[in-house]
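What follows is one structure encoded as C-alpha cells, with my remarks underneath.
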Amino acid sequence: MKPLLDLEEAIAQLKSAIVRETEPGKQEEYQGRIEGYEKRRDNVLDIMFSRLGPWEEVLLARADPRPYTLDYVSAIFTDFIELDGDRRAGADHAIVAGPAMLEDRPVMLLGHQKGRNLTERTFRNFAMAKPEGYRKAIRLFEMAERFRLPVVTFVDTPAADPGVESESRGISEAIAASMLAMFKLTVPTVSVIIGEGGSGGAIGIAASNKVLMQEHAVYSVIPPEGCAAILWRDPAKKDKAAAALRLTSKSALELGLVDQVLPEPRGSAYRNPLEAAETVKDGILEALSELDRLSPQEVKAHRYSRFRSMGAFLA
Amino acid sequence: MRTGDASASRFVQCQNCKKTLFATDFASNLKVCAYCGHHHRLTWRERIDWTFDEGSFVETDTELVSGDPLQFPDYQPKHLAAQEKTGMADSVVTGRATIQGVPVSIAISDFHFMGGSMGSVAGEKVTRALERGCDERIPVVIFCASGGARMQEGLLSLMQMAKSTAAVERCQREGVPYIAVFTDPTMAGVLASYASVADVILSEPKALVGFAGARVSKQAQVVKAPDDFQQAEWVLRSGMLDRIVERRDMRATLGSLVRMLGAHLRGLEEKLA
Amino acid sequence: MKPLLDLEEAIAQLKSAIVRETEPGKQEEYQGRIEGYEKRRDNVLDIMFSRLGPWEEVLLARADPRPYTLDYVSAIFTDFIELDGDRRAGADHAIVAGPAMLEDRPVMLLGHQKGRNLTERTFRNFAMAKPEGYRKAIRLFEMAERFRLPVVTFVDTPAADPGVESESRGISEAIAASMLAMFKLTVPTVSVIIGEGGSGGAIGIAASNKVLMQEHAVYSVIPPEGCAAILWRDPAKKDKAAAALRLTSKSALELGLVDQVLPEPRGSAYRNPLEAAETVKDGILEALSELDRLSPQEVKAHRYSRFRSMGAFLA
Amino acid sequence: MRTGDASASRFVQCQNCKKTLFATDFASNLKVCAYCGHHHRLTWRERIDWTFDEGSFVETDTELVSGDPLQFPDYQPKHLAAQEKTGMADSVVTGRATIQGVPVSIAISDFHFMGGSMGSVAGEKVTRALERGCDERIPVVIFCASGGARMQEGLLSLMQMAKSTAAVERCQREGVPYIAVFTDPTMAGVLASYASVADVILSEPKALVGFAGARVSKQAQVVKAPDDFQQAEWVLRSGMLDRIVERRDMRATLGSLVRMLGAHLRGLEEKLA
C-alpha cells in the first residue's frame, strides 16, 4: 500500500496548494502534475486489484471504510422509516429495516449494519444478528407481503450471533424461519451481498429471487479462519482456506449461485461510494423490473426454482 | 461405542458411564446403556430397522454422488474413505417406509459419514424426501445427525440450507406433516435450516443441539452457560423442542403423530384401512 | 359444609362397615341407612347449590378438587401427545397442548393446567401462562390449520402471568396474537370454560366458534378482589364485586357471551368427574358436529360474526 | 397538567419537572415541556388538531352510547360525570381524516374519559374504525390511551378484546395498513388486544405501556424490574415497539407510513394525485 499512500498524499498536497496558488501559470502546472499522479495512482490501483488473492478479497470485504447498508440506503432510497422490534423479546441493531421509497415505488428494506467505531460496533453487535433480528425480518417480510412491497435486503455480516443467549432464544430456528418466510412471499425479493456474506447469518436474509453481489464482497459457508482451524488445525492457513472455499464474487457467479456481479469503482467501493451506490441501484432496479413481469405466484415459483437447482453432483 | 479389539467382541463399553455391557443385550436395548440410559449413535440402517415397520423400507435417490465441484483440497480421498467406512454414498439416506402401517417419506442422516455434514448430495436428498411427501401426500420423517454444512463444497453447501428450507415451506403450504427427530449431534447449518422448521421436533435424550460449537458460544458471552447447555434437555426448556423421546418409544410416538397429523391427506385413511 | 361432611363421614363409615358385616340382614339394614343418608346428603347439596352466591361460585370454580384440563383430556380423548415449546424462548407448563383423538377424529387440544400440590402448582405457574404459552398456542393453532384439525381449548386460569419477565417478552402481544391466530383459522374451534375464566389470560385461547361453560365455572374481566380494590379501595368487598361483575355461567349465557352451559353433576364436577367429563364431551361433539356443516370460509365468518355481535349499547 | 386556579391561567406547571411554563408557549409546543420534553396527555380534540390535516376530520359513530348492561353499581353516575367533564359520549372518538393528504380511518382514545377504559362502546368504535379501513380501502390509525377494559361492563368488556382483534385480522387479510400509536398510558386489556397487533406501533416518549400494574408485576417476580420498567423506552428495547416518535414528528412519520404502506390500496395513488 506504500506507493499508493505516497501518491494519495502527493495529490492531496497539490490540491491544497492549488487553492492558495496566485502566481500565473502555476495552477495549470499543478493541475498537470495532479493528473499525472492520478494516472499513476489509478495504474497502481489497477495493478493491485488485478492481483488480489482470495484472502485479500476477504480483507477488502471486511475493510472499515467500505460502505455499509445505511450508506447505500441513504444514497439509493428516500423516506426510509426504520422499524424496530421482533414483538417477541428485543430490539436488534445488527439488522436495520423498514419501508422506503425506491424512486417512485415503496419497498421494504432490510440489511445487516456494521459500525465504524467501537461504540457503533458494540451497538450493532458487529453486525451479528440475534434471533430478534431475524424475527424482526420475518415480521417485516410478512408486512411486505400484505402491502405488496418488493423486498430489498443488504447482506453484510461475519455470522449470526453465536452467544449463549442467542442459542437460548433459538438463533438456528430464527435463521431457518426467516428463510422460510422469504420463500412464502409472492412479492419480488432482491438481495445484495455488499460486504461479508457470512454463512447462516447471511443466507437467513438472502433467500431471494435475485441475488446480486458486489465485485469485492465475499460469500462463504464458513470464515476462512474457521475452515483452516477445523480442517488443518491451523487458523494461519486462512489464505489456503479462502482460496479453497471459492468465496469471491467471480466464483459465486461461475457456480451459478449469484445472478450478477456488480462492478465496483476503481479501487473498490469505498473510493467512490456514490458511484458504487449508483451501480447497486441500477442492479436493484433492473432485477425488480425483470421480476415485475411475473405474477405473484410466478414470483414465488421463480424463487423456488432458483434455489431448487442449486447443488453439484453426479446423477 | 468402543467394541474392543475385535468387531465381533462379546462386550462393549458405554461411552458415557464406561460400564461394560454384553454386546447382545446392548443391541437388543437399541444401543441404549442399561445403566445410565445413554443413547449411543446409530447407523442409518440400525435407525431404520429400529424405527420403521420391518421390511418396509425402500431406498430412493441412490444415484446421487458428490462431484467435488470446488476441487477442494483432500475432499475426494476423504469422501472415498467415508464411503468405504460406511458403505454409504453420502451422509443421508432417503426412501419410503411405513410406520405402524402409515406410509412415510424418510431421510436419515448418519453421523458416521463425514460427521453427517450437508453438501449438495445431502441437501438434494433431504429436499427430495420433503418433496416426495408433497407429491405422494404422505408425511415426512427426517432423522437429523450432523455437524452442519459441508465446508468442502463451499457456498454450494450454504445454498442447501435455503433449498431444503424451501421444500419445508412447500410441505407447510400443502399440508404435509413433517416431523424431525434430532439425534446426537444436530448442529449448525442443518439445525439452522430444515431441521428447526419441522412441524414437530422430537429429540433423543441428551443429544447435542446447537448453532455454534459450545466453545464459540461460551467465549462470545458474559452470560454463563448452564451445565447442560446445548443438550436436548436444555433445548427443550428453551422452547425449541416438542418432546424428548427415548429410543424405545420413538416408533410409537412417531406412529401416533403421523397418524393424527396426516389424517387429512387424501387417501391416508384408505391406506390405513 | 358441616352437615355435608358429617353425612359424608357417616356414609363412608357404613360403607366400610358393610364390607366387614357378616350378620344376616344387617347388610340390608346398613344399605337402607346408607341410602337414607345419601338422600339427605343430596338434599343438603341441592339446597346448598341452589343458594350459591356469585362469590361462592368463584370459590367453587377455584376449588382444589375441581377437575383440571388434563383430567378432562384423559377422560374424553385418547392418544394425546403433548407438544411443547414456542420455538422462541421457552417451554410453558401453564398451558398443555397437542394432538389427540376425539372418538375417531384427530383434534388439536390446548388448555390451561393447574396443579394440585405446591410442586405441581409451581411447575404449572398456577396456570398463569407466560408469553411462551400463548406463542406455543399460536404455533399449534397454525399446525391445526395446516392439518385440518378442529381445535378444542380448555380455559382455567386466574390470569396471564403478570411478572416482569412476561412483560419483557410481550405478554400483551402474545395474548393478542393468540386471539388473532384463532381468528385466522378455517378449522372449527370450540372452547370450554371449565374453572376460572380469568380475563385476558382466558380470552387469549377462547376466541372460538363455540364457547361452552361449565355450570360452576366463572368468566370475568377482572378477579372480584381486584375489582373491589380498584373501585371501592377494599378487597374485602369481593362479594359485592362478584355479584356486580355477573361472572357466573348463568349470567354469561344471559348476556349471550357463551353458547351453552354444561350442567355439572349434583354437588359440582369434582363429586363425579366422569359424569362431568361425559357432559363436556357431549357438548364438544355436538358443537363440532354443528360446525362440521360449515365450509372452511364459513367457519371463519361464523367466528367473526359471533364476536362481532358482542357489546351492549344504545344506538 | 395543573393550570392553577383559573382555567384561563397564563401559566401551567410541567407535571414532570414542575417548571412553570407560559400557557401559550406550552400549547404551541403541543403540550410538550420545553424544559424536560415531557409529553403531557392530550384531549382527543387536541390530538386530532395536532396530527391530522386541518379541517379534514369528520366524526362517525356518534350515535353509540353505553347502556349499562350489567346495572353495575355507580356506573351510570360515573359515566354521566365523565360525559359532562369531557363532552364525549364515551372514551373513544372515531372518524375519517386525512394526513398529509392521505385519507385514513381513525380512532382516538381519550384518557380523560374514565381512564380511556374499553367497554362495549369503545370496543365497537375501534372495531368500526378498523372495518371502515377495510370497507373503504384506506389505512387505519389508532391512538391508544387506556387503563384497560372497563370493568363496569364485565365480560362484555372482555369480549371487546376479541372483537377488536378480529377486526385487526380482517385488516391484515385484506392488506389494509393499521398503525397504532401508544400514548400515556396504554395498558392491560387494550394493550393485550388490538393495540399490540398493529402493523406498525409508534409510541410517544415515556408513555406507560404494560399488561399489569407495575406493582403487580414487580410483586410477582424475583427478577428486579429496571428503572424504566413499562416505559416506552424499555418497551422499545423489549422489542414491542417500532419507534418512539416525538409529538412534533408524529404527523410526518404517520404521513410517510400510510403513504408507503398504503400505496397498493386501490385508488390510493389516484387519491394522492
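By letter and in written order, the chains are A, B, C and D; residue numbering begins at 1 in each of them.
In this section, contacts are C-beta pairs under 8 Å (C-beta built on N, C-alpha and C of every residue); 3 or more make two chains touch, one makes a residue touch a chain.
Note that this is a predicted model, so its numbers are computed, not measured.
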Item to check | Partner chains that chain C and chain D have in common | outcome: A
Checklist outcome for this item: Counting C-beta pairs in contact for B-C and for A-B, the higher total belongs to A-B
Checklist entry - If you average the CA atoms of chain A and of chain D, how many Å lie between those two points? => result 40
Checklist entry - With chain centres defined as C-alpha means, what is the inter-centre distance between chain A and chain B in Å? => result 34
Next on the checklist: Need the CA-centroid distance for the pair chain A / chain C, whole Å please.
Outcome noted: 54
Checklist outcome for this item: Multi-chain contacts in chain B, i.e. residues touching at least two other chains, fall at 172, 196, 238-240
Item to check | Residues of chain C engaged with two or more neighbouring chains | outcome: 87-89, 168-170, 173, 177
Checklist entry - Which word fits how the chains touch one another: line, ring, star, complete or other? => result other
Checklist entry - Among all the chains shown, which pairs meet the touch rule set out at the top? => result A-B, A-C, A-D, B-C, C-D
Item to check | Residues of chain D that touch chain A when the two form their complex | outcome: 172, 175, 177, 196, 199-201, 236-243, 253, 256-257, 259-264
Checklist entry - Which part of chain C faces chain B closely enough to touch in the complex? => result 79, 81-92, 99-101, 105-106, 132, 136, 143, 146-149
Item to check | In the complex with chain C, residue positions of chain D that touch it | outcome: 63-67, 69-70, 72-74, 120-121, 123-124, 127, 149, 151-163, 165-166, 168-170, 172-173, 188-189, 191-197, 210-212, 216-218, 220-221, 223-225, 229-230, 238-240
Checklist entry - So in the complex, which bits of chain C are touching chain D? => result 160-173, 175-177, 179-180, 183-184, 199-200, 202-204, 206-207, 219-222, 227, 230-231, 240, 244-247, 251-252, 255, 257, 303-304, 307-308, 310-315
Checklist entry - Once bound in the complex, which stretches of chain A touch chain C? => result 87-89, 131, 135, 168-170, 173, 177
